[in-house]
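Just so it is clear, A, B, C, D, E and F label the chains in written order, and each chain counts residues from 1 on its own.
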Amino acid sequence: MIFPIFFTFFLLLSSSHASVQDFCVADYKAPDGPAGYSCKKPAKVTVNDFVYSGLGIAGNTTNIIKAAVTPAFAAQFPGVNGLGISLARLDLAPGGVIPFHTHPGASELLLVVQGTIIAGFVASDNTPYLKTLNKGDIMVFPQGLLHFQVNGGGTPALAFPSFSSPSPGLQILDFALFKNDLPTELIAQTTFLDASQIKKLKGALGGTN
Amino acid sequence: MIFPIFFTFFLLLSSSHASVQDFCVADYKAPDGPAGYSCKKPAKVTVNDFVYSGLGIAGNTTNIIKAAVTPAFAAQFPGVNGLGISLARLDLAPGGVIPFHTHPGASELLLVVQGTIIAGFVASDNTPYLKTLNKGDIMVFPQGLLHFQVNGGGTPALAFPSFSSPSPGLQILDFALFKNDLPTELIAQTTFLDASQIKKLKGALGGTN
Amino acid sequence: MIFPIFFTFFLLLSSSHASVQDFCVADYKAPDGPAGYSCKKPAKVTVNDFVYSGLGIAGNTTNIIKAAVTPAFAAQFPGVNGLGISLARLDLAPGGVIPFHTHPGASELLLVVQGTIIAGFVASDNTPYLKTLNKGDIMVFPQGLLHFQVNGGGTPALAFPSFSSPSPGLQILDFALFKNDLPTELIAQTTFLDASQIKKLKGALGGTN
Amino acid sequence: MIFPIFFTFFLLLSSSHASVQDFCVADYKAPDGPAGYSCKKPAKVTVNDFVYSGLGIAGNTTNIIKAAVTPAFAAQFPGVNGLGISLARLDLAPGGVIPFHTHPGASELLLVVQGTIIAGFVASDNTPYLKTLNKGDIMVFPQGLLHFQVNGGGTPALAFPSFSSPSPGLQILDFALFKNDLPTELIAQTTFLDASQIKKLKGALGGTN
Amino acid sequence: MIFPIFFTFFLLLSSSHASVQDFCVADYKAPDGPAGYSCKKPAKVTVNDFVYSGLGIAGNTTNIIKAAVTPAFAAQFPGVNGLGISLARLDLAPGGVIPFHTHPGASELLLVVQGTIIAGFVASDNTPYLKTLNKGDIMVFPQGLLHFQVNGGGTPALAFPSFSSPSPGLQILDFALFKNDLPTELIAQTTFLDASQIKKLKGALGGTN
Amino acid sequence: MIFPIFFTFFLLLSSSHASVQDFCVADYKAPDGPAGYSCKKPAKVTVNDFVYSGLGIAGNTTNIIKAAVTPAFAAQFPGVNGLGISLARLDLAPGGVIPFHTHPGASELLLVVQGTIIAGFVASDNTPYLKTLNKGDIMVFPQGLLHFQVNGGGTPALAFPSFSSPSPGLQILDFALFKNDLPTELIAQTTFLDASQIKKLKGALGGTN
């Protein structure tokens, strides 16, 4: 039995323009658009574009929040560009906290791999949804809602949040309010916080004004 | 020239199942799903489903924030269901403030119709984008990012925000943090705010714990 | 309490490729694609990219339709690129008319700010939906359907249509049929209009053939 | 080699809720929503839900436009529900015409199977794009734009338009304007057509007022 | 400072129809549609809808492939419905194999938590992309492409694939071909496999004909 | 009646940036992204970009499968870029077969124009859906599922599959497994096929290892 080269199809598909297919590995040097980064030329794509090893290394938690987040978003991991998914690593030392934050562009699905994590989100009607998560538990945080994670035990915790977008974004509440030059008075007016509280946190986080 | 009834097309389209077309006016009594409310039966749809008059009435601003927001989302205005857009009315008395908030499900495009409004949003990299908007100015707030609006003059201000979804959602920062039963200690841990500050705002907004 | 620079996250996010996030301000000089314009480099984005003042100026209605439409689409207002929304301004002098037209790429939500407007659309089953709109009323026109607006009073009317796309498109019926070189005979054959009627409107609108 | 029943996966997937998968055959008796019809219970789905024979029969072209369109949209063909595609059959006797129309919800890709068809569409900038299509030619009409098809030869023509939506919709210009009770004066005002022309076409198409 | 109940907004949002927001927890008893399951009534939603503990338990790998897959898709985990993401657990005993399969509705992002896994996918141009993954490595498999995972070491391996859809689907090649009543001759004709090979695998997997 | 140039709208729309509208004809020389190819400059677009004649020519079926597939995807037909649809031509000589394959990025709607075709797909639950299709019949194959087509009669068959994407992709099972350098042992392990069977097909299709 012999199979000669036979498909008109394949002759055509292997022609010059056959790029918008299967995947779109990010080319960081070309322009990006609302749907993501431009695609690397197919001939330059290798299996290493689809594999990322950066999450195998524990983040450094010797900091004030005793926590570290390591992302594998499209900006770090070119293979997920255009594929609607990404991942990160979350290390929480005992007492560690990921403070209230949102992902403007994705829902999050958190997987606890080690330790105990108290996690929660608040819905638009202000109802809080809180749960203590143990190894193997997963919890979903709907897109754009405020949520947090806290180490709930005396041992280090490790978790992997996956996201419904290759570029989920991240807005940490304290940083958005206090780690910039927003005038204290304006923050007070738009948060009802006391000026002294605002100035204290601006000082701690490096904000001005 | 005579046009008899002629299109097979129309005979078929006017048959029993021809409902998933053109629009999907919300039927609040049937189940809703991820894409929105179920559709009203075509025979029950009237022009009034596509028109909403609730935004013609000024909101009551005799309250602590001297402001009112009146929505015309899919939950109030059935005609926008499934159409990717909605609108609201924003009244700001002198000194009025819409405190920091997000819309988890939509970008916002604010149109100032009367008065002066100081508006701003903070990006994921903590950069604030602030502007004083006058009558006729428009400003866009990208989906999911924290933003606020403040009356910037001595006279009442009126604005109409439109949204890129019929159900944009709304999460007001102070309400999410303080207008529920989240434990003070947990809020302190996940926001870095002082317990006294938290208790003060819980008291003001009706929160407990 | 001291907060050193601590997040691995932020170190990474502030690295070179962190652009596909939060927003995508249009860069008119780079290629555009099916999802919109390419994104401006983050370092070049300012608050002015998110604010547009062109709708504050009344359009010139001293013309045959006594009306003017001023768009703030992605082509004019770079900040809305990729965000699923845009806006326009509609001025109608007494007797003013926006003739039958469609937006191929968006639903429209019209807000009447001043005066009275008679508006209507026709559904696929040929049912017309008409309404006289007063100040504060809003009406939604589902994507792609023929619709019109007419000043319904003796005073100028002002309205702001918002759209469910940054590039809604606009096809005005009379212009599509008569303001080009489509042969009269072909138009007659495909619209059932009399040749004399077609030639009259071609003459008025600058069409040929 | 023996393969026992082994996958936890399959045990779970064959459990009660495993319906949102692979396809969603339309259940015309349940509510529909913005994304389409509800899904038929998996146990009731047969191969016949995915096959449609209605396009094998020539439409009746003994009518004034000497043409017939037979749709296989989600409303007629339950298998395409939710799958982003549909098809129709177009019969054009000699002299046959499909007058100017739009599909509000889909782009169209026309395949000529027999005869010659003159087809065209008009873009938002009023540029017409016209072409004489022969057997085997295909032409794409972008979503929402006015287009038409005319038999360009002396023999019957047959074509099959496919659509980028299971419910593309159809708005025929003449029917939208003249086959209903829109007041003649209002049509004149919003189309610039003469009242006599309007009344003539209303008479021919069965419109009133 | 006193905050009375003040927002028109909230009065309206807390009214009867405010359900299409934030999330859409699956109601398995109501109809499902192309976008997913219907939403549970907001009043019945609890934190447990957003948390799933089924992935904490090792799957039973005492079977012929020495592997088990445990899904947390929308059909098992109601909280992910409509949120664009889901997760599964993959246990591979030494020598374990997840044979060639596809997910018709999602891209997959595999996280190796324990052991060594040899994984690979084949692109449309028939290029294989293979990699040996160690603990902490992640690999992305673009939507719809054939891929597999094999335990690459002498110890048990554990991995968690996340998916870009709450209902990614799963089609295992061998099961699709041999675990049903497709006639042997037809399979031979459409796969080029020998009839004896087909019959052998049908026998092993429980297929007939 | 005289119509001067009157629309502010048109003056603005005809300005420099008015490109993201109506359509996005592929520019094969500019970068492509997840949403498709970049758009050709509007001034360079002609009607020929929207018309494709390559499907009018019968594919060469003098090959081992006695079949040919000729695509009109975005890579061949620039006009469909970004429009959510494409088409192909399928020629099946007597005895011709399109072996089991998937389209990772689109659902397929097959139209039989000549002859008889036995077609089928297999769902995720391994249920096969088979049907003999005659001239005029259409059958839909949901996205990503394995399917095939076989000439069911003694005469040539001709069919036109349309797709719900301009770049549906194509993965032919035999080619993915045997027409590359995947090690025989690995294929055996991940497909349960005998090594001799694999080697035989690798030989026939030009695979190695």
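By our rule, contacts are C-beta pairs under 8 Å (C-beta built on N, C-alpha and C of every residue); 3 or more make two chains touch, one makes a residue touch a chain.
Here is each chain with its UniProt name: A, B, C, D, E, F = Germin-like protein.
This is a predicted model, so every value here is computed, not measured.
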Problem - Any chain that touches chain F (Germin-like protein) and chain B (Germin-like protein) - result: A, C, D, E
Problem - Copy-to-copy rotation for chain C (Germin-like protein) and chain D (Germin-like protein) - C-alpha atoms, rounded to a multiple of 5° - result: 180
Problem - Homomeric contact chain B (Germin-like protein)-chain D (Germin-like protein): same or different residue positions, threshold half - result: different
Practice task
With chain centres defined as mean CA positions, report which chain is farthest from chain C (Germin-like protein).
Solution key: E
Completion exercise
Rounded to the nearest Å, the gap between Cα centres of chain D (Germin-like protein) and chain E (Germin-like protein) is 34
Practice task
Please compute the C-alpha centroid of chain E (Germin-like protein), do the same for chain F (Germin-like protein), then give the distance between them in whole Å.
Solution key: 26
Practice task
Among the residues of chain F (Germin-like protein), pick out those that touch two or more other chains and give their numbers.
Solution key: 1, 13, 18, 21-22, 31-37, 81, 104-105, 123-124, 130, 142-143, 145, 169-170, 192, 200, 204
Practice task
Quick one: label the inter-chain contact graph as line, ring, star, complete or other.
Solution key: other
Exercise for the section: Chain pairs that touch, all of them, please. Expected result: A-B, A-C, A-E, A-F, B-C, B-D, B-E, C-D, C-F, D-E, D-F, E-F
Problem - Touching residues on chain D (Germin-like protein), where the partner in the complex is chain B (Germin-like protein) - result: 26, 28, 31-37, 59-60, 63-65, 68-71, 74-76, 81, 88, 104-105, 166-167, 169-170, 200, 204-206
Handout entry: chain A (Germin-like protein) contact footprint on chain C (Germin-like protein) (complex, rising order)
Key = 1-4, 6-9, 12-13, 15-22, 24, 27, 30-39, 81-82
Handout entry: Residues of chain E (Germin-like protein) that touch chain F (Germin-like protein) when the two form their complex
Key = 97, 99-100, 102-105, 118, 120, 122-124, 126-128, 130, 142-146, 148, 150, 169-171, 173-177, 179-182, 186, 189-194, 197, 200-201, 204
Problem - Footprint of chain F (Germin-like protein) on chain D (Germin-like protein) - complex, ascending - result: 1, 13-14, 18, 21-23, 42, 46-48, 50-53, 55-57, 72, 77, 79-80, 83-87, 89, 106-109, 111, 113, 121, 123-125, 129-131, 133-143, 145, 160, 162-165, 192
